[in-house]
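Multiple structures are listed underneath, in structure tokens.
Two complexes, one shared chain (chain A), two partners (chain B, chain C).
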Partner chain A sequence: MPVVKAVTCPVCGSLCDDIELTIQEGKVVKVKNGCAMCESKFLGYNGEHRILKPLIRKNGEFVKTSVKEAVKRAAEILAEANYPVLYGWSSTNCEATRVGIELAEEVGGVIDNTSVICHGPSILSVQDVGIPSCTLGQIRHRADLVIYWGSDPWSAHPRHIERYTAFSQGRFENSAWRGYLTKIKASQVRKKIESAVRRVFLKEAPSIPPLIRREPPPSIFREGRKLVIIDVRRTRSAQMADYFIQVEPNRDYELLQAFRALIRDEELEVDQVAGVPVEYLEEVADVMIRCNFGVLFFGVGLTMSSGKLRNIDAALSLIRDLNMRTKFVIMPMRGHFNVTGANTVSTWQTGYPYAVDFSLGYPRYNPGETSVVDVLLRKESDAALVIASDPVANFPRKAVEHLVKNPLIVIDPHMNATAQMADVVFPSAFVGIEACGTAYRMDHVPLPLKKVVEPPRGVLTDEEILRRILSEVKKMRKKRQVEVAA
Partner chain B sequence: MVTYQKLKVTLLTGRTIEQGVGKEKGKTSQEYVDSVTVCFIDPEDLRKLGIKEKTNVQVSTEHGSVVVKALKSIRGPHSGIIYIPYGPWANVIVNPETHSIGMPSLKGIPAEIEPAPNKPLLSLRALLNQQFGKD
Partner chain C sequence: MIKLTPAKEFQFPINAECINPDVLSGKTREEIEKLKIWEGNKPKKIGELFKVEENRTENPLEKEAAITIHGNVSKARRIGADMKNGEIVILGDVGMHLGEEMKGGKITVHGNVDSWAGSMMKNGTIEIHGNAGNYLGAPYRGCSEGMHGGKIIVNGNVGTEAGAHMKKGIIKIYGSAGQFVGFRMCDGTIYIQKDAEPRAGACMTSGKIVIGGFLESVLPSFTIDSIKGKVKIEENEVAEGPFYLFLGDRVEHGDGKLYVFKTKNPHLSHYEKYL
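Now for the complex of A and B:
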């Protein structure tokens, strides 16, 4: 059976490129090295939810149609619209996004990608403050302090810790994995002893909730790689950490600024900040200053809660302050596998990373005005094209209301909530499985995506579908110009 | 008729590994639907509500109201905070305000929760139909 090695996983922004797939009769039958999400995608992508034929809504019902018909209908919708929205892009390749931008320019619409609802605020802050960053390779080999803030890598980027940070074996830093195993074993043994003691001597049910530790665990002071997690909940990742700080919801900003003060050796004249005793903070601040190479990864826990971009301002400033004392870098945990690519392509083509408005004939960028959720909330758009994304499942209800009221074109391999509400649906090949291309990892390293199997018959790639729509739109508009002139 | 206790809480939305696995399988798969129609509640709050795990609860904010299934949170203690994974159900009740930067507020929303053992969980189709009159 042929085994394809070094496949890039098209799921999350970690973009692991060491996946090995076994192919049998044009199907993926075995996945090696991947996490649960990766396996679920490679083994389950071709399930019953796959769309195989283009669909057009007629009298409220979907009917199957030909690609040609669907392209025509989609082009009509876009050519007739005054202010269409073209949204999605982070789960397709850079090549498709490039065509998408040309299409947006042609129809004078707004093109926006999913970063607007995840790391949009981070981008705004980076534009304001700047970002000291590096590649994940450097972190793997050199970082001796790893902090995740408002991010649960274990759930959203399952192999991030193992491949790039605390549990990876770097050239200059060892994996902390063994220490973690010892810790787990010790705690299991301790729990067993405790419950045995309770059962034997106290005769009570062994279900007392564990007390929160009041002092920092000794591991925070040891040598070697350390993992710190700061979050509003004790997430799965938090359970692995050497140190976990539970911050009260919506109070990250205070905590960040408290750290900034501590790092500049200022005294805090309170007992606690955001629900965390100041002594704890002093200890962690101390660890931050004493490390050789620290990294702060931040997730949407910071960008989505109160303060939004101001939280990121504070985080970036904290890293700037830390760089006066030691070496520290910072990086957003990007979600979809090619959201970084969507930003990159958009930036090199239009000058702006997302929320680009072409309605005046040239690109304009003003998040809050030209961003898709705002356009929808103001009820300004009159058509939409959604590709490789599911805004009906991801946007607030008010925004979705307007989206589904107008003609809606969806390009997606799977049936999803958005496709169910669409007027034209194009099935597409899975990028990274049935179509090749380029994607950008969260640290802006571009990686090739592989085509390992053929798409179902008649199913085109995102890029090809967009090209056909674009050429049809151009034809229609030319015809119309001729008619108007005559 | 039993009257149930209402509780004022803070709503967080976010990712879970089950939702991540489910979404790769297919956004209409049962795994996905099961993973996004739940609400993680602190055991302490479950007790205050007077319900057991897996009872349906109604979560309301000033933006809407939706029925989901209560699950005991093992990520506690976080009494006063409830957690619903991203998805069409959570979207009914999150805050659309973007504060002029394009980003709706998806975490830290004031909400009210009450037991609703007699109210059904809607299917994806029914939910879309109820919310947008289209399926």
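Now for the complex of A and C:
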């Protein structure tokens, strides 16, 4: 059986590129090296929810149609719209995004990618403060202090710790996976015993555990790799960390500012910040200053809690301050596999990473004004194209209500919640499985995506569908101009 | 005087920077009706979206064009942007970027205002009789040049980040304010008569914020300085105390002043031990 090596996994922002797939009769039958999410995608992508024919809604019902007919209908919707939105882009390749931006410019719409609901605030703060960052390879080989803030890599980016941080064997830093795994196993056993005692003997209902207040253990002062997790709850990652700081929900900003003050040798006039005693924070600040190469990874826990972009502003400023004393870098834990690519292509083409408004003919950018959720909440759009995303399942209800009230075009391999509400649905090939292309890893390293199997008969790639819609829109607009001139 | 009335209820964003006394002054009604204005992605003329009426004032001293807008223009953006003189009165709600970078004149709104009102204004006055959105007087994304002068008065509440990156001027809010009021402000005065959400004055380097109501918490990077009996807001206006005076934000080596009304904030009394 043919084995395809060095396949890039199209699931999360870690973009692991060491996956080995066994192909049999045009199907993936075995996945090696992948995490659970990777296996699930490669083995289960061709499930029962796959769409195989373009659909158009007629009298409230979906009707199967030809690609040509669906392209014509989609182009009509977009060409006639006064303020269309084009949303998604993070789970497709850079080539499709490039065509999408051309389409947005042609129809005078708002093009936005999923960063608007995840790391958009990070981008805003990076534009304000700047970002001292590096590639993940640097971190793997050199980082001796790894901090994850508002992010649970063990669950959301399962191979991140193994490939790039605490578990990885770097050239200058050793892996400590045995110790960490023992810890996580011990913690799981303890949890099970505690739960059994509570249920069987004490007959208590489960309750919210009190905030964990533990002094920093001596192990975080040792030489070598250390893992610190800062989060509102004790996640899997937190269970194995050398030190876990449980921050009160929505108090991250205060904690970050406290760290900044401590690193500047200021004294705080409070006993605790965000529920954490100041003397513990002083010790952690000490560990931060004493490390040789520190890294702070932050997730949606920081970008989407109270304070949003200003939390990131404080985190970036903290790293700037730390670089006066030692070497420290910071990196957002990007979610979708090519959300960084969507930002990169958008910046390359328009100057702005997301939420770009072409309604006046030139790109304008002002998240809050031109970001898709806000446009929908203000009920301003009159048509939408959604690609490789499922906003109906994720957006605020009021935004979804407006989105589905107007003509909606969906390009997706699956019949997801958004596709079910659409007026025109295009089936597309899975990028990274049935279509090749380029994707950007969370550290802005571009990696090639491979085509390992053929798409179902008649199913086109995202890029090809967008190209056809674009050329149809151009044709229609030209025809209209001729009519007006006549 | 020019009177504008929306001809319909707007759905799409209207880019209305031509609604500006400097542009409209000296133009006849016909000329004004032909001015270009954007509705969504379609270029239109003012006459298609607004009913334009003209009442020439008889007072020779009032040669500056005054514009009144009757009705809801909450989708119309950039009204009065860059205006240098004259007056706009709006009887209804108005959209984003009202009076952006205005250099003089006056805008009065008898309704609510959306975000970025008075963004980066240099001079002049904006008076809002309803509520204002987020980023009052704050610059656009990625810009650190906030309000450089002028005055904004809001009789209602404001959203987050009022007066961010403020360099000069005064903002008076007679209602409550959202988070991060005076974020990274360098100078100027912000007065909030009622409550403020936390993180007031975050990263401020200078200037003055006065909070007359409840403030849930002061950032840990602020230090208490003293208790003051009264604080000057502007000429002929003084806020009666007592006020806790905090200095900060020390993470930016700042010496901005954050006054918090003592009587309504007994939970801050633990700072008194450092006096």
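One rule holds for everything that comes next: the second predicted complex is superposed on the first by the 452 of 486 C-alpha atoms of A that agree within 3 Å, B and C clash if a C-alpha of one lies under 4 Å from a C-alpha of the other, contacts with A are read in each partner's own complex, and residues count from 1 in each chain.
One rule holds in what follows: a contact is a pair of C-beta atoms (placed from the backbone, for glycine too) under 8 Å apart; a residue touches a chain by one contact, two chains touch by 3 or more.
Nothing here was measured: the structure is a model prediction, and the numbers come from that model.
S.K.: State whether chain B and chain C clash or fit side by side on chain A once the two structures are superposed.
M.R.: fit
S.K.: Have a look at where A:Q257 lands relative to chain B and chain C in the superposition and call it first, second, both or neither.
M.R.: In the superposed model, A:Q257 contacts chain C only, not chain B.
S.K.: Check whether A:V270 is in contact with chain B, with chain C, with both or with neither, and answer first, second, both or neither.
M.R.: In the superposition, A:V270 contacts chain C only.
S.K.: Tell me which partner touches more residues of chain A in the superposed arrangement, chain B or chain C.
M.R.: Of chain B and chain C, more residues of chain A lie in contact with B.
S.K.: Touching A:Y83 in the superposition: chain B (first), chain C (second), both, neither?
M.R.: Second partner only, chain C.
S.K.: State whether A:S306 touches chain B only (first), chain C only (second), both chains, or neither.
M.R.: It touches chain B and chain C both.
S.K.: Identify the partner contact of A:K27: answer first if only chain B is touched, second if only chain C is, both if each is, neither if none is.
M.R.: Once the two structures are laid over each other on A, A:K27 reaches no partner at all.
S.K.: Quick check on the superposed pair: does A:S359 touch chain B, chain C, both, or neither? Answer first, second, both or neither.
M.R.: In the superposition, A:S359 touches chain C alone.
S.K.: Which holds for A:K478: it touches chain B only (first), chain C only (second), both, or neither?
M.R.: A:K478: touches no partner chain.
S.K.: Looking at the overlay, does A:K5 come into contact with chain B only (first), chain C only (second), both, or neither?
M.R.: neither
S.K.: At the Cα centre of chain A, what angle separates the centres of chain B and chain C, to the nearest 10 degrees?
M.R.: Between chain B and chain C, as viewed from chain A: 80 degrees.
S.K.: In the superposed arrangement, which partner chain does A:R290 touch: chain B (first), chain C (second), both, or neither?
M.R.: neither
S.K.: Which value in Å is the smallest Cα separation between chain B and chain C when the structures are fitted on chain A?
M.R.: Least C-alpha distance after superposition: 6 Å.
S.K.: Could you tell me which stretches of chain A are touched by chain B in one complex and by chain C in the other?
M.R.: 124, 306, 367-369
S.K.: Under the definition above, what is the set of chain C residues touching chain A in their complex?
M.R.: 11-13, 15, 38-42, 75, 77, 96, 115-116, 134-135, 140-142, 144, 179-180, 183, 198-199, 202-203, 217, 219-221, 223-224, 249-251, 270-271, 274
S.K.: Please output the residues of chain A touching chain B within their complex, sorted ascending.
M.R.: It is residues 11-12, 36-37, 40-41, 44-45, 47-50, 116-117, 120-121, 124, 152, 154-156, 158, 209, 212, 232-236, 238, 246, 249-250, 300-301, 303-306, 308-309, 355, 367-369, 371-374, 377, 390, 392-401, 404, 414-417, 420-421 of chain A that touch chain B.
S.K.: Under the definition above, what is the set of chain B residues touching chain A in their complex?
M.R.: 10, 12, 14-17, 20-22, 24-29, 36, 43, 63-64, 73, 75-78, 81, 83, 86-88, 91-96, 98-108, 124-125, 128, 131-132, 134-135
S.K.: In their complex, what parts of chain A are in touch with chain C?
M.R.: Touching chain C from chain A are residues 81-83, 107-109, 124, 127-128, 253-254, 257-258, 260-261, 264, 266, 268-270, 273, 306-307, 310, 313-314, 317, 321, 358-361, 365-369, 378-380, 382.
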